[in-house]
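Structures are listed in the sections that come next.
After this come two complexes, each holding chain A, first together with chain B and then together with chain C.
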Partner chain A sequence: MSFPGGGLRPPSEAGAGPGVAIGVRAIPGPAARAFRLDPLVRREWRTVVGFLGPGVLFFVVLVAVPTVSTVLLSFYRLESLISTPRWVGLANYAAVLGEPRFWNALLNGIVYGAASVVLQVALGLPIALLLNLRFRGQALVRGTALVPYVIPTVVVVFIWKWMLDENIGIVNHALKLAGGTPVSWFSAPAIAMASTVLVGVWAWTPFVTITFLAALQTVNEELYEAARVDGATAGQRLRYVILPAVRPVLVIIVLLRAIWMFNKFDVIWMLTQGGPLQATEHLPVLAYRMAFGLYDVGGGAAVATINFLLLLAVVAVYFRLVRVDET
Partner chain B sequence: MRRLRPWQQAAVYAGATLVVVVTLFPLYYMLVSSVREPRALFARPSLLPLPFTTEQYAQLFSLTNFPVYFRNSLLVAVATALLTSAVGCPMAYAIVRYRVWGAEMLIRLMLVAYMVPALLLAIPLFTLMVRLGLDDTLTSLVIAHLTITLPLAVWLMYGFFRTVPPSVEEAALVEGASRAQAFWHVAVPMAFPGVLTVTIFSFILSWTDYVYALVLTSSDGKKVVSLGLAAMYGAYDLRWGELMAGSAVISIPMLVLFSLVTRHFIRGLTMGAVRG
Partner chain C sequence: MVTRRSFLKGTAATGVLAAGGLAAPTLVFAQPKEVRWLNNEPDPNTIKFLNETAVEYEKKTGVKVLMEHVPVAEAYPKTIASIKAGRAYDLVTVGEVSMAVLLAGEGHCLPVTDVVKKVGLADFGPKSLWYFKNELYLYPYDYNFCYLFYRRDWYEQKGLKPAKTLNEFTEILKTFTAGDKRGWSQPLSAHATTNWAGVNVLWAHGVRLFGDNWNVVLDSPEVKPKAVAALNYLKATFPYMPKGMPQAQYADLINSFVAENVAHTFYTGRLIHHLEKVNPKIAESYGIMGFPTSSPDKWAVTHATDGWVVIKEGRSNAAALKLLEWFVTERLVDYLRTVVLHYQPVQRSVYKNPQWANDPLVRKHRHAVDAMYAFLDEKRTAINAIDIDGPGLDVIQGKVWNAFVIPEMYQEVLLKNVDPARAVENAAARIRKLQGRA
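Here is the complex of A and B:
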């Protein structure tokens, strides 16, 4: 398929892109500035309120308040989302942390997240390096490589469930033709985890490829050429010129992928519902099950809160590494 | 860049071909499976769309509730996309043009909000919707989707408005235009690629959402395509032909829309602004 506008063009070629640069440095805290109104803001305060107000209000009501209320809910006992809550302090946390199922879910999440990130990056980098070379049809291949990223998750899940069907799936069919034995992709506990990781790899490696490709465009061409003229081999150029130049972006890609894969709910839920025998159940699936299936909203909220705290730790690292202001 | 030697060229083409095949094969197989006769489909996997039939597509639209799901998705996604731009653009503009106290913090919060897992918000949002009497409505879905799309919109538009030089707007202000007029007649047209990208992204995000639909809607008449398709899997097991037909019908609009904004989409990815 071809995209109008010359296929995929990396941001560096697009001139002055939106002004958020990815770079590495610590950011001074926002509290450093004293509270005082800018004269322009004072003069046009009606416009400021009118422009910012609806959005800020929306955020407070629908993002901040729900987040806080999930945390608060985790201190209450309630059987359904509409029953009257009863304060139980840290009892939900004690119960959750004493539950082997929680530790199983935490471990599964780490395994799933780590395996996904490692594979997506290990495949995404070479593909990006490949697509960074000049060859005929390059724009077309770049466009194609990003396609899985916009396929609705539900479709990704069904296509793979169909292809990996134990009895009539094309993958097992091919295995049989090749003389192998059919595999129970989603019903054997050990294999189910690997299958869910692989489906994610197909869907989200494109994100790594394209982000990394964009970063590659910023590598100093002269430096690269100089290394080549000086007799550096392709391997040395990769190691001493390319990788150091794109390392900041690499760190960010790994962090972002880790954050998103660790919290991925829909893929696992639709593929396996956390099964078989909780082999693919991670924290988001456990939280959903407790809150909506097992009538333990407080417990589900406690799991969601723990999950959120783990996430915040990674986000904090992200903000230490990424600046969001000037280029 | 130096010209590659023939064997290197061959290796590059082989690699590129492999990428394309692995990427497109599942989609190809989806299309093939959607047009094969059911009896053949379940007898033996095949790479060819034979024996050919469009029966599955006909069934999808006549025997299932798919048209309703499709209409619901369309309503929700259009409303989400329009509201996102209407609220997000002025907000981003104000953050760029005015030195408001806490603006940088607001921008960071957007990014955090963007990384917050949907499931964390889903529990209290469900409670809130029940209290407001909005549970199991399309409105509740639009509201919930805004929690994903609005941070994205503000974050992206923040970048786009920064590339619009203030001088043109100042000229308009000197001529006697109000700030709102300058925003609407000068800044928005100049950042139009951004506005378009944000609108289309929001549409795609809303269209592909499954988590909020799962939590917030329950009756069949209120299902969107993602949930409807998932429900069909449970209801008529083994109806793979219809499922693949449905998958094709809901994926193709995304591919078309996406092709319109690929370039800006990639900018967005580079900024770390797009949820994965």
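Here is the complex of A and C:
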């Protein structure tokens, strides 16, 4: 669509006022329909390209191309990346969706993601409230609270693997000293999922805490004071002052943590590799196992694509239900 | 207009170009060839030796050997990635015959039959040479037999002798299970550890996965009762295992023995090297044996031959084959001596080699080496493995391995209390399904 004068924007926008940084200007005369970026805009574009270029390049190379490749692979049957691919259309999807193992993995992902997010938020918010109080050694405690988050994942996993070791782990040792029975933390199908959730909660609750803490610090002190003066109890202050203030952060935190936990591969792989008996196998682990263990690259790609589409759908529904700009 | 300056510049440039052009073929010809070798043996001694050998080979022949070392699990994905990326390795160390089959099946390997023949087919021990489409694609160097380690001193204290039958073995396991001590570490995890170190119990019961025509015989009238018996054996001896076996990995097998928590564990001679380093007391008081079977004069071991393959897409095929030939004829013994008790030679001549036989560790652990050598007697030893079971080599063996069919069959019985007969049927069905997609 064009506007009088040939611009792509209304005259009021297209270079009509001073200080318009990015825009196009109509060139009068024979080349009235030709547009040239003025020198200022060209300079700005160089800046824009300079800043955005590397990011866009990385996104294209590391995200877009692999994503498109994965989607394409899901329509082929091939045993390894060096096999000759054979077009099978949607057959991989039909096979995957007909597998009870896929549905088990989906359910495991939902359980793992939901349990992790609920616990991380349920623990992260109270800890943030405590850390928001003024007390002696506050800075030290705040720093210490972040420690689990800054420890590399591999180290976190090994710490917990050793602590929960069924024979020599300190947790079972303590249980025995207390007269209890040692627990098969990672060997019993019914307990393994809880153990993996526990490790994730320990490692990532500090992220939730620190984000909430940052949000709490933006709340105007006068609001607390006013609530106190009006006789609000601690619970009422939490409900009517604090929670509305941190709601935008809560929305984003729940979304991000849910996506991250649903896709979390490293912790589960290193702790249990999806076992025992697929008790902790979720879609990313299943995709990996199919592609690189079961010589079904197409099937693995189909699982990964379904996982991607599921997350897209969840994000869309989530933003429809909880509008960030309304929070 | 041609000035004196521009004329001189032009002449000089033309001269340089001409000189370069004339010299180019010579330079290309003189450029030393490169052989890229991907090694998956992680031991520091082996890595050091290979790096030094690479330097030695370059000095000797002018061919540069670029060594790259990765953990065993990364060798296959990296090999595939290098082929896909158009920069394939020339020589790759692989940890399973199935890897060579997978690569050869897709046409990515060169036969090494001639190299093996030059060394002498008769020199190779049983079940070490694997033909695929009438060619050998893997040059094997060690057996990686998985056998039982036991505490000789504990046996002596109780007046026991190594079991000759499964029933005797059960009784011994029971004897050693008390307090925090357990009879044996038998891996049950859905992990390569169980595929390798947890399947002797199957061979001991005479279990087979495939028949002569690649038909699945695991649930056949002949084999099913044996498989059920093997699962029942695991069920009966489960209380004699330490906790955590359903998640056990290689290190757990070693650690449980080194830490004196169990009377028996499965491993190769690498465990002896660990004992020497970490708990020398046990290095003086262990024994090794095959896994008892129902027959008193037969025992079982599982093998996992390591070897080298030459990748077809490598840029220096001829140089790689030449390097392999030189290495296996000139440096094999030195290579095996880098972890001498772990790399059990597949070539009989190595056992007689004075350098190898007089290695201080071989001399010190002669009883263990003699037992290892005894495993080569097929009349006495049932040798099998998931990746070689069947009438030959096929991709399906690798799939059964990677799908963890056998470990999950164990887990169904031991963790979910599924009836052993049902678990065998489930496993057979899974193998057939994997075959259907092959």
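Observations on the structure shown:
Going forward, the second predicted complex is superposed on the first by the 253 of 327 C-alpha atoms of A that agree within 3 Å, B and C clash if a C-alpha of one lies under 4 Å from a C-alpha of the other, contacts with A are read in each partner's own complex, and residues count from 1 in each chain.
Convention: contacts are C-beta pairs under 8 Å (C-beta built on N, C-alpha and C of every residue); 3 or more make two chains touch, one makes a residue touch a chain.
All values derive from a computational prediction rather than experimental measurement.
In the superposition on chain A, A:273 makes contact with chain C only, not with chain B.
Of the two partner chains placed by the overlay, neither chain B nor chain C lies in contact with A:231.
In the superposition on chain A, contact of A:292 is made with both chain B and chain C. Look at A:189: by the touch rule set out above, it reaches chain C but stays clear of chain B. In the superposition on chain A, A:168 makes contact with both chain B and chain C. Counting residues of chain A touched by each partner, chain B versus chain C, the larger count belongs to B. When the two complexes are laid over each other on chain A, chain A has residues 81-82, 165, 168, 292 in contact with both chain B and chain C. Residues 1-2, 4, 9, 12-13, 15-16, 19-20, 22-24, 26-27, 29-30, 33, 42, 44-45, 47, 87-88, 90-91, 93-95, 98-102, 104-109, 111-113, 115-128, 130, 143-144, 146-147, 150-151, 154-156, 158-160, 162-163, 178-180, 183, 194, 204, 207-208, 210-211, 214-215, 225-227, 229-230, 233, 240, 243-244, 247, 250-251, 254-255, 258-260, 262-263, 265-276 of chain B touch chain A in their complex. Across the complex, chain C meets chain A through its residues 77, 80-81, 83-84, 102, 106, 108, 180, 189-191, 242-247, 256, 259, 261, 395, 398-399, 402-403, 408, 411-412, 415-416, 434, 437. Residue ranges of chain A in contact with chain B, taken from their complex: 1-11, 14, 16-20, 22, 30, 33, 35-38, 40-41, 44, 47-48, 50-52, 54-56, 58-59, 62-63, 65-67, 69-70, 73, 81-82, 127, 130-131, 133-135, 137-138, 141, 143-156, 158-160, 162-163, 165, 168-170, 173, 202, 204, 206-207, 210-211, 214-215, 228, 252, 256-257, 259-260, 263, 265-266, 269-270, 284, 287-288, 291-292, 297, 300-301, 304, 307-308, 311, 315, 319, 322, 324-325.
Considering their complex, residues 79-83, 165-168, 182, 184, 186-189, 272-277, 292-296 of chain A touch chain C.
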